[in-house]
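The data blocks that follow each hold one structure.
Two complexes come next, and they have one chain in common, subunit A, joined by subunit B in the first and subunit C in the second.
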Partner chain A sequence: MRHRKGTIALLALTAVALAFPALAASDETYRTFLGYDSRISIWIIAELHLMFGAFVLGVPIFAVTIEIIGWKTKDPRYDKLAYEFTQLLSGAFGFTATLGGLLAFALFGLYPKFMDYLAGVFHDVMYIYALLFFVESTTLYLYYYFWHKMAKQKGLHILLGILLNVCGTVIMMVANSWASFMMSPTGIEAETGKFIGTAWQAMNNVLWHPLNLHRLLGNVAFGGFVCGAYAAIRYLGAKTQEERAHYDWMGYIGNFCAVCGLIPLPFAGYYLGREVYSNSAVMGNNMMGGAFSWTFIIQAILIGGLFIGSNYYLWIGMHRIPGSERYTKYIKFIDIIIILCFAVWLTPHNLPLSAEEQIAVGGQYHPTLKYLGLMSGKNAVVNFIILSTFLSFLLYRRANLGPGIPFSRQGGKSRWILLGVAGGLILIMGYYASYLLHLNPTELDLSADKEKYFKLPAILLLIQIAAVVVTVILTLKDRGKIGQMMYLGITIVNITFVLGVYGYIVMAVANPFLRNVAVTQWMTMMSALTLLTTLDVFLFKGAPQVGEMTWGKMPGRSQYTLIFLCVFIVMLIGLMGFIRSGLRENWHIYGVMQDGSAGSWTPDNALMAKVVSACGLIFLSAVSFLFWLTSASAKKDHKSEGEPSLPPKATHPTAGKAARSGG
Partner chain B sequence: MKRRISLFGYSVITLAIVFTIVKVVIPRVSMWITHWPYPLVVPTTLTVIYMLLAMVGLAIYISMSEQNMEEFLTPIRNFLRGGQPGVKGQARLLALVLIPGLAGWVAYERVAPRIQSPTGIRIQHPTIPGQYEKLINPYREPEEGLVKEFMQKEGLGDIPVEKARAMLVEAAMAEGRGLYQRNCRPCHGSKADGNGPMALGFRLKPANFRDPGTIPTVVEAYVFWRIKEGGRGLPNESTPWDSVMPRWKDELTDDQIWKIIMAEYNTADVEPRKPEKLE
Partner chain C sequence: MQNSFFKAALFAVAVCAIYIYIGEVITDISGGAKTASTVAGISPEAGEAIFWGSGKCHTCHSVGDQGSAIRAPNLGVHGSDFPLPIALRAEERAKELSQKLGKPFTAADYLVTSHFDPGLYVVSGYKNEMPTVYKPPIALKVDQILAVDLYLQSLGGEPNAEALMKSPYFELLKKAAGSQSAATTVAFKPYLQGDPEKGKEIFFDPNSKTPCAKCHTVGDKGGKVGPELTNVAGTRDIPYIIQSILEPSAEIASGFEPFLIVTTDGEFITGVKKEEDDKSVTLADTDGQRQKISKDKIEKMVQQKKSIMPDNFRDLLTMDEFHNLLAFLETLQ
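Presenting the complex of A and B:
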């Protein structure tokens, strides 16, 4: 049934793709969607298509990763989990394709002139897109229907899964190129607005890769949170302890994967934002300080909800781990840090004030709290939040582990790996420090006297390098835990308290260099994540477990948290879609083709909230329907197989290699 | 080990401390930092945000373990069940009357009509019209034509173009400083810090250009538009917009505005935002 639905959708999509030029050849510039506003209609259809697109891209990444872990650990339950998700995928694929077809029809029907222009630029790529879609759907059906038949050729089956992901990613990138071209067109003749470049030039526009990166990471996080919500629903409805244990474990894995995608996401967002600004300073201003600035406050609340929710879930989970009481006393401090950071994160530069308050604070900005609202302050706290979340994971990981084998007795392989990781970090940070020290201010359009501002970030990177060396020496001397804490402390001080404050100075006097300050912060933080994770693996190598992990003993509120996280990320995707597309304002193609339709105004926040919420609700209802379908199918499978679905044998979430290595 | 104060008690104390910090400590510290003559209140919106965050933090801590939940809920349950002897029992009755009364009073305060200006959301940098977006300051790095015109006007003879260019920039800056002091200083101040002699006459103080969140975050074309069109030229989506910035296009030429912009950044000791190079 699902197979047939997907095929019909595919045929529809192909028909639309091939009929593009004919549909677009119209004298009318704009039409309405059954009498409704065409722009809002397109907005809703595109948003739903994108949400399902994120689903069918995010979930296979998750499914294949889990399948690989199952293959490597030879634990059949990972395989079962991956299959369960592929079942969801099959239905979602049909929805995505159908919505894609509807979107294409609507675009060509409602905006024929604009689509004529766009098809003129991208028509060759559109055929490739349709072809890729065929390959992806074929791969998906092979991957799904041959799951059990290829059980003995697991490597080949995984290869199919990887091919499926490659196709999905390339499809996303192709579609991204159209969206990013509309924001930052290239190959255009300035005087006439005619496209004179090649399709590749148009694809390879400046916002393409920032958008690709942002969406890819977003989809990973999305896939994980959807998995978590699915597990939570099944957990809450579970009848037996075995089922509860299985879905508890599944929820943990989903949340873990989601946070892995979530941690680098703010940097990908920053990169995209900076490139939007670089492409058009005015578009950048509208985004962060103008008509879209309040949407970023909403975005901050949603991101805050994701980080707080993920941490909360972990902290609750620690209580089912024997031995965790050694670490739970630290959680309240992490809680305080995260809440304080969010207080800064949520403080707007430009406050909502009554006239009386304006008089009381002497203007629109609070004379002291206004500094918390600037980009530099936000960068500082987001780094701190990420490091705190990482610390939560470290505590969770070691919760029921005793002392591991001393590093000095772990043999040459461990030493070489540690030295290799440390060497790599020293090389990368050293290269960037050297780049900063030799950076010519004119490259950033700054006067020569601004060179002095480049020194501090470079010096901080050199301090980090020294800290890497000290940490490695301490580890070699079996004092790795001290080294870990020292490196974490230095990183927090450098990126939050030193560069966070320094950013304000750079903002005022050498603004283009702020990008390099952010890169230094990011690099330093990534060095901490890499080094500390590597160290943790060695510090707890061969560590005995304090007690048996008790899966399936989570209170209901932890499961509602997982559902809440899924709702939040869906809303976030909807909101960010609105911001990215809305930034073009009354332009179809920014600066080239103006939108002269009646609906070309920028929606206010109230309308945005209604439409995004409606899209979220429709999407979540459709996904709930898919969950129901899959659970009905799973019940049937369980009955026929007559076996319960147990969590992996590992008694601790991180005792299995899989969970340790990111599964 | 049993705590001397219950978790419920700790929670109430924590909220009271946070409230005191927001309502007393931050205003007084802000007064001390800025040398203002009175404490700088934390606006209602921020107070609500900070208090909500404090409650979220507490709720997380309390609900993290069953033990915490039990410890937090026990005094509430005991209170609701009653049975306390003597003064405690009377205090309970009083609380049962006062709490709903307090809730009613807060609700009344929120909804009762009163003469008060509404809390407005203000857009910091309204959307610049398309015709201004691509403008660049001709005096920042003057083109050769402009330099030659300057050489001719000033009778500079055969001096190198680069030298003349530097002289032109300096001359534009000097003229801009004079224009700034004549036209902008009364509100924005001689140091461009928003403290001109007329500044206190406005409810919404003139922008402090030394603040990294004001002119350093925008390109010069943006400042040009704001000076030229003033508060009246702002787009509809910016309403309600409180700005008494005059529309200077009636008083100043475009050239004069560009020169003022150069002087404005220079006086404030900040740099304009530059369109960055794409990576």
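Presenting the complex of A and C:
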């Protein structure tokens, strides 16, 4: 109870800080943080707030999803897992609020002029933000504390969970509007720099939704990996086989949720980057070809590490699945593909070489490797990495499943769903193919003779459409697996090899069209993920299990992989925050209000790595403390409710019902 | 449980340490911070610094094999598309524009309009997307644009400030750039008002934590290892000076690049090259000591990207001391 009171007091402080922008009124432009560099102080506080924020926004998304699965399958173990995830939230929420309050106070105190300007634009929205915060906190505590009391009103409880997610997402969107306004301000009078628009105009700036999407997916990945690490530590310290089985399962679910967020994340990042460039070519160029180009190499290392780590964890996990030996022989090929793609992704276009090195290489660029550093090569391999990861999941999913019920015997509902999915994909890809075929080159500032370069991506989309039709026909004729393989093969060839190589030609002769090539690759990739997942559900519907899953038999290295993934995602979120904020360079509000403080220079990557690591370690320490509190509380609960529950026998959260019904 | 937690914590710290190491390595190989440096003065050298720094020109343009940007035309000699450097190309394009516009148009006019009205001549295959460089966010001053033009003139031609300033378009540029509101920019203001006398003491005292005069000359006092600072505040603005103190490797002054020499005896010697002739090379180290190395004893000599100036002033000086030193440097007009 004391804990709750403390949290409410902190929330009140945050609300006061947000609701009284008059606090910012001052003649001073900048102050120091207790004599220390104000910019680094703000950096650390903001980063920690964002890390906790990402956690408390990401975890409820999959906690509610798991609760719904438990409700629908009537399996209490899912419900208990969802409750355990939610337990982690309650303490983290208090920390988020504390850091949010501290951040608001620090910003108003250290950057009074800037905050005066920002408050002048957003003061109406700040009241709404504070109100939403109260609604979210109330919803969270109702959701958490009434979990058991509302066991018989599960639908209502789930509704609370959904409301919690809606509030959290809206809060995130409001805060994102401030951050994105600083990058792409709107409603500004150019001559005076005065804001003459409305708060809504300021919120609805061009980078708002790209940032919303990127952060939403990022939060899911972040929450999943942090929960995975929690499960890993509990697994490593488990005393009984039951505990190990439970936390093994929890770690798997955490990793699964994280990868679900991670897979579409590069596309969301591409969308954000593209909008950054569209809004300001100067900012865009500085991002990819200027001060932050090498930071993106570090980003590539981190994202590559996350994909490799996630796959590695899955591959180790296959050893606990009887029947998986049928598929393990393919893993080495996936492994080679991912590592090769990762190497390409990491390759920079330009290396600062000494005269001697230039002579040895034969010029400023390596004759072959220079091509791998270009955007087209990177687009090709990132798609291949995602497809390979997806393939790992497919193999994992079907590892202990035998043949399912033939599609022709699955009834009309299955046919309608398959046709619906295929129809949707055909419509979307057909629309974009038509757009490309009718695209006027002048829209891209290209001469009329460049129109011929628009045809190939459109033709490839039409080939994909034909492949969808053939795959559906094969599935209807109970040859779905052949259809699956065919569609996956065509997708890989089209997006990696054909469009990957074609991208270089486009870059050389019609560079602005490259973004449309990237959209074609993304669309094709998403069609594969959607169609193949749908097919897989039907192909293994009612499939018997080859043997029982042996949860709790994972080697220690698998759990360290989960911890590694958690640390990497923490570092990644810190690095991305640095890039997003750093892109403004010496502007508080890009192009409108200049940063004249002593801290307006752009830190190098060495300093960035140190600050982000410090933030990461502080965050992980604080989270560990919260997890310790949670586990102490959980022990108390277990004493009254019994030992941890065993996980369900299914290999996959969404396959649980089907697998059991078939077995 | 405790044991597993500590193992996990140790593992997390190790991963962070690797991350920091990667950050250091990347910073090292990429040549340090690529910050928006501001260089005062109107010269090709200043223009070059702006081109590769605060002007952000390099994010779109390469110069020959220097840089990797391909969004905008290469300004040096590069492949069959760019057989001439920009100074010579400017003359050809000026002729084209003169015919098109039906009035005289010089190479200097072409360079000036490329900043004032870049859409006047768009190179085939490229978009008309060059930002207005005197407007935010780049917000270059007229003098800085002039310096960049001088640098471009130096790429295949002779820098000629007079020709640029006589261009009728230069007046238009000045007028347009001058109309940019100062309301949107904030003048630099340090956190604290430093004491220049105390700063002078820090600078010259050989026993201070940062005895700058060991390497830098002010007036007739000080060493010659680093650049002379007698008029530093007259030629460099304060953010640049701050950056030079805190991140000395970010931009190394021309002529003060450090070199590493590996001798045939396996000895490693680092320092700024002060003299070189057919027979020997003389390096100066951070203590101002000069060492002459015979060329037949040099196995390898490599230019370094990291300045020999210590990069730990942030740790050595307190906030007050730093501002005192800065206040002293500000007096060196």
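Note that the second predicted complex is superposed on the first by the 624 of 663 C-alpha atoms of A that agree within 3 Å, B and C clash if a C-alpha of one lies under 4 Å from a C-alpha of the other, contacts with A are read in each partner's own complex, and residues count from 1 in each chain.
The rule we apply is simple: a residue touches a chain if its C-beta (ideal position, glycine included) is under 8 Å from a C-beta of that chain, and two chains touch if they have at least 3 such contacts.
What you are looking at is a predicted structure, and each value in this text was computed from that prediction instead of being measured.
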Fit or clash between subunit C and subunit B when superposed on subunit A: clash
Which superposed partner A:D445 touches (first subunit B, second subunit C, both, neither): both
Partner chain in contact with A:R557 - subunit B first, subunit C second, else both or neither: first
Partner chain(s) touched by A:N511 [first = subunit B, second = subunit C, both, neither]: both
Partner chain in contact with A:G289 - subunit B first, subunit C second, else both or neither: both
First, second, both or neither for A:S434, with subunit B first and subunit C second: neither
First (subunit B), second (subunit C), both or neither touched by A:Y30: second
Touched partner set for A:E191, first subunit B, second subunit C, both or neither: second
Touched partner set for A:T368, first subunit B, second subunit C, both or neither: first
Which superposed partner A:I316 touches (first subunit B, second subunit C, both, neither): first
Shared contact residues on subunit A - subunit B and subunit C: 280-282, 285-286, 289-291, 294, 349-352, 354-356, 358, 363-365, 373, 444-446, 507, 509, 511-512, 585, 602, 604
Residues of subunit C that touch subunit A when the two form their complex: 1-5, 7-9, 11-13, 15-17, 19-20, 22-24, 26-36, 56, 58-60, 65-71, 124-125, 127-129, 131, 135-139, 181, 183-192, 239, 242-243, 246-247, 250, 302-303, 305, 319
Complex interface listing, subunit A residues touching subunit C: 29-32, 35-36, 38, 113, 191-193, 229, 232-233, 236-237, 280-283, 285-286, 289-291, 294-295, 297-298, 301, 349-352, 354-356, 358, 363-365, 373, 444-447, 507, 509, 511-512, 560, 563-564, 566-568, 571, 585-587, 590-598, 600-610, 612-613, 616-617, 620, 624
Subunit B-touching residues of subunit A, taken from the complex the two chains share: 206, 274-275, 277-282, 285-286, 289-291, 293-294, 308, 312, 315-316, 319, 328, 331-332, 335-336, 338-339, 342-343, 346-347, 349-370, 373-374, 443-446, 504, 507-512, 515, 555, 557, 585, 602, 604
Residues of subunit B that touch subunit A when the two form their complex: 26, 29-30, 33-34, 36, 40-46, 49-50, 53-54, 56-57, 60-61, 63-66, 116-128, 133, 194, 203-205, 210-213, 216-219, 221-222, 237, 242, 269-271, 273-279
